[in-house]
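Note that the chains are named A, B, C and D in the order they appear, and that numbering of residues resets to 1 at the start of each chain.
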């Protein structure tokens, strides 16, 4: 402010309040003394002062601040000094300066001193202590003065005249207008002083002001207290801070006022009202929103000052100030956020204070305010910033939208047929409340004011603005990802469209919202939106969708019973209308109409034979609130033939197919996010990992077998809206059920069908027809199938036990599977008898009839007639696809010895051989296959069935001798599992020779033979005259299962035929061993003598007649070869171990052989074995029919011709074995042969004899060996 | 003795929620496996029994409680030591039968049923029945055949939980190993 | 405060009981493992809800795994996991050298074939805990010398 | 004093939602559902925050003319939303906090009820009573 301005100030000094433009304000400093001097210095001063910042230390522990000081220098006038109790701060002079350049003592004394004194007194009078005296020195002035005093003297004078003790209140400014270092220094000193004094003054005076303000606030409970007055005071402070650029502090002042006011309102709500509040409760008459374009809204401020402000005025003003400061502070987003709070808050406060507000007034106010705030912010930010901070502003946008909407509804602008007269009146009133547009926005085209006015002007205008806002809001929400909010705004829009009868526009928004709600499972929202959508679709005439929606709603238990009924009725009405468009039906998804709970087959395994009956029972949960008359429920069935798969054969199906019969269906929960349960369950298993080397456990644990399934990302895009394009497969096969009523809740519907073609039938779809409407379940899942099969009749005959035993009566099971054949009366099985196996007729045989699924149907007795050729079993009358079972007792009789048994025995022997090869124990039973030919009524061909019988026993015989006496031993072994009773055993000589007796040495009584046990029978042979070479013997013993008491007579005995040959003893061999002469016992290692004596027991017999026999003049001899063998190698035979002797063929002829043997061990040693052979000379013809055993012997001789060779037997054997390999070539060459005697012809009477051998002293080692 | 028991238990303390929840999981699993509550109760008792016969050894080892001379002493040991040691609660002993062969354990709070709310379809489930089994099993190991059952249960809306124990007889034969 | 012995006995009896039931028909033992795991799962859900009641929100997956290995494990088994390894591709291996539920059985390989059934519950415990913290996973286990064992956690990327 | 209290699953469907009977239930369902937008926003913002800032209480989600909506999210990503009448200005932030704590505790107990199937709608007397108390309770 130049001096001129200062002058101006001087003129209007008297008027108050001074106009306040805060920004232009500066703290006031008065200037007294030499005005011209000051004026000359002013430019430098005003420009130098703010250059350097100064730290401002403040009271109340507030943080110190650096401040660039400016000030407003005005000429000193007494009027400027505040009177007592003045609250104004802006007009407050913070410092008084007196300027002089007097350098002449006289002049000082004459004028200056008095002038300063006068000045000082005025200050004192107003108790103002913030002053400064500036003495300016310039050399120029001194020049023309003669009587020069030292410069300092004037200053000193002033100091002690005025500044007692505070000499610093007088400063010198030397040559201020020169550009010298000296002048610079003095300037700096002066400025610093000036700044310091100013700040001191601020601190002091603001402090004082704040104290007063605080005390004033404390008084607020007193009756006279007025908020508005206090408001003005604290705002003064705010202004000062603002003036000092301390916006934070300024804002704090307003926030405190804000809080204070809010508190009062709350308290008022709580009951204790302050009387001043009533000012603010005046009914709202103007609602022209916030004004944020001016730094200060003077009109509103005056209203407050004059205590005429309404609540809205106060709030508006307060906020406009906060807004201004926030924007100074570059916090526009806080503005938007605070704005929203403010608006909400005001609405609340008006409610709380029960201020009467004309309908819509607030909506206008809020709407205008929102836009004002938004525009203000846009005014101070660039696009980019705004876009980046949509999340802060979008709230205001949607609030504005909301308000405009309600205004539109209020003024009948959102209705189909525009506003009515009363709507118009209301509109007029509302517009009146806006007053005239403010000058500052008057020329901006898009001002909130204009927008509102226009929006309310016409239906079209409103629609335009409302849509613009809505779309803007939706877009913003969408951009920042607040989808739900966006959808909600969308729904408002939809409602609007619906009111405007524009359903096609509404639909998309409703669908969008519905999708979200379904996906997130908000049932109530789903229901509500569906209702709206239904209405919308109805208007759009989307019959199908509408009906589907209705069915959803009818089944929705979030609706009232009546609503549900209404929607259900909608469907039924449509379904039953006799429209001419009879043809095409409406197909809807079933899940909302009814749910398939369970399905139940009868027969439970869902398997039927051709022509069989199948019934399917559905459990349907009807979701409709009322009973529904259904024309038809149909199951569409898909048929396919899987001929060549075993799993479709009657056997498999009837046996294996699981017969739980009931299939349960998971109930799909409508309107529920499936995302939760769409994970397949883990398949966890124990894991055992063994080391490859030894099979020991290495590692165990738990593994998951379906990791791949689980780790695959599931996109849970399971939208539950109606499956579009519901279509029915054309089902050739269908299960139908007509005219029934579906009651709400559980219904059981059963379908019956008769199976036709064999194959697999899959239930694919379910369709419920109600008049023109069809509800379709597109896929029946889990898969439901039933199978139809056809089957050939069949006869099976199988033993009851695992193996049939020959000779005892046993049960055989006959199974007749009728298949497609019906058993008529007279149908019979014709068994062609085999006399080896008669069927034993038992009158009380019963046949049991089963269904193919093994349920017992009936029982009937069988008629069996047997002629000698044929047994005919007449079967009971049985329908197709049944099973007849009965048991028949049969017995297998080895009819004639030769036929069966012998044959089998030989078979048996071979069996043995094989077994041996297979190293199997020899307990295999001989078996007989008995074939039966059966003629079945359903076939011209006769069935042949083989039954296998096992012979329970196995017999062996052996010939035993004692000298000349002979015994036959038969060993019977029971190979079966059963145990038998053996009785009346017998041994017969078939070739009847009179004088042979078989004397049994066996107990007469019965014997029990247990499983796997062997029993021996012995007979002694007695005779008188010579006997034939061979005897035919027939052993027989009768048996019966030891368990069965009743001795069934029909049992044939077990027989065993065999023959014994050359059983008559010809030679007796006797062996003796003698210790060496003089010795008492044989000693190990010392030679003993061995004597073999061979004695002929009979004269010439038939058996002797062979090449060995040489006859000369009636005197017969035969050649024998003996051999001493010691298999146990206890003895060492020294010298010849074998030799040939010629034996006279006459009783009692004896031949002795001597040789030396050495016992190798001590103890009782068995005698070495002595063998005897016939020795046949080489010139013999038939060397061919030799049995294996003698062949080798022969061969071995042929190798070394001279048997008399000294080699010990062992060496012979070794060689023989050596060469036996090559024996083939020699076969059949004529050379000497050995022929063994048949067992029993030679009796060795010293077999099994032992002799004591004592150990010799010296061979201790051997001793050790044995033990 | 109680001091020793005390020391014994210090180290073994653990988060009780783990136990409570695990038990809960068990019960609900059983409810899935068996169709009716009675079977579940049986199963719980059985499992309890198996636990009891093992638990007793741990108990005798850690609290060196000697042989009890009469049923009253047993009751005291159960309430004041066993329950304290294992469940951290001390039920009160009441309603002795005149014959002194029957008494009640009153549990003000039963850790097994923290958090539990019985659904209506399990009205006949005896949720904590395991405890009966445990007591039965444990006592059997010290030659006491007892009958244990719940007569009140807070889960069923009773004010307290009451376990009734009845002494049946001494088991003389086959002393199990590890007994005194 | 309950007593550990009781829990251990309960757990053992749960295992035994289930397998007993399995032998008497219903369900092959694959089911047993699953049942145990499911029980663990449910318990895990409950426990984690409690344990995280007063903790700050987790930063990320690893943050959570650490919680499981430290706080969770300590509260349940009274010791921390000895070693946690990850490939930063959603696979974590938790190693416990003295796993509480295997401690009762003699160390080494003697009872190795019984180990799995004593791990199932804990697998579930981990899976349940994680799933309640919003991490779907598969947890498997492995023992080669008791009482040390490894739990492998495979995170399902959602 | 709370006019509506809701527990919302990880997947954002309501596990429990109850409002004072006098008011129109549907409106609150919409309010709560919409508030999830802000919850999501706050959670994702929170993720980046430092540990000490990662608290479960989300504070005021957004005010409407008539209501204030507050949010809270457990570590298991379950959200609690509480709607309070705006006129109820006396209500301080820390009171809201403590109410959420109570909710959380009570919810934790539900989770520990073996018969409760996590993810199912909450039907529990205990929980109902607790919620009722919060709606009755006058501040």
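Observations
By our rule, contacts are C-beta pairs under 8 Å (C-beta built on N, C-alpha and C of every residue); 3 or more make two chains touch, one makes a residue touch a chain.
Computed from a predicted structure; not experimentally measured.
Contact analysis places B-C first among chain pairs (by count of C-beta pairs in contact).
Distance between chain centres (mean CA atoms), subunit B to subunit C: 27 Å.
Taking the mean of the C-alpha atoms as each chain's centre, subunit B and subunit D sit 40 Å apart. In this assembly, the C-alpha centroid of subunit A lies 17 Å from the C-alpha centroid of subunit C. One simple way to say how far apart two chains are is to compare their mean CA positions; for subunit C and subunit D this gives 32 Å. Annotation for subunit B: residues 17, 20-21, 23-25, 28, 115 touch two or more other chains. With touch defined as above, residues shared between interfaces to two or more other chains in subunit C number as follows: 42, 46, 50. Looking at subunit A, no residue sits in touch with two or more other chains.
The full set of touching chain pairs reads A-C, A-D, B-C, B-D, C-D. Partner subunit C is touched in their complex by these residues of subunit A: 679, 681-688, 696-704, 707, 710-711, 713.
Contact residues of subunit B toward subunit D in the complex are 17, 20-21, 23-25, 27-28, 114-119, 122. On the side of subunit D, the complex with subunit B involves touching residues 109-110, 112-116, 124-126. Those residues of subunit C that touch subunit A in the complex are listed here as 29-30, 33-34, 37, 109, 112-113, 115-117, 119-120, 123, 136, 138, 140-144, 149-150, 154, 156-158.
Taken in their complex, subunit D has these residues touching subunit A: 9, 11-14, 25-26, 29-30, 33-34, 36-38, 40-41, 62-65, 86-87, 89-90, 119.
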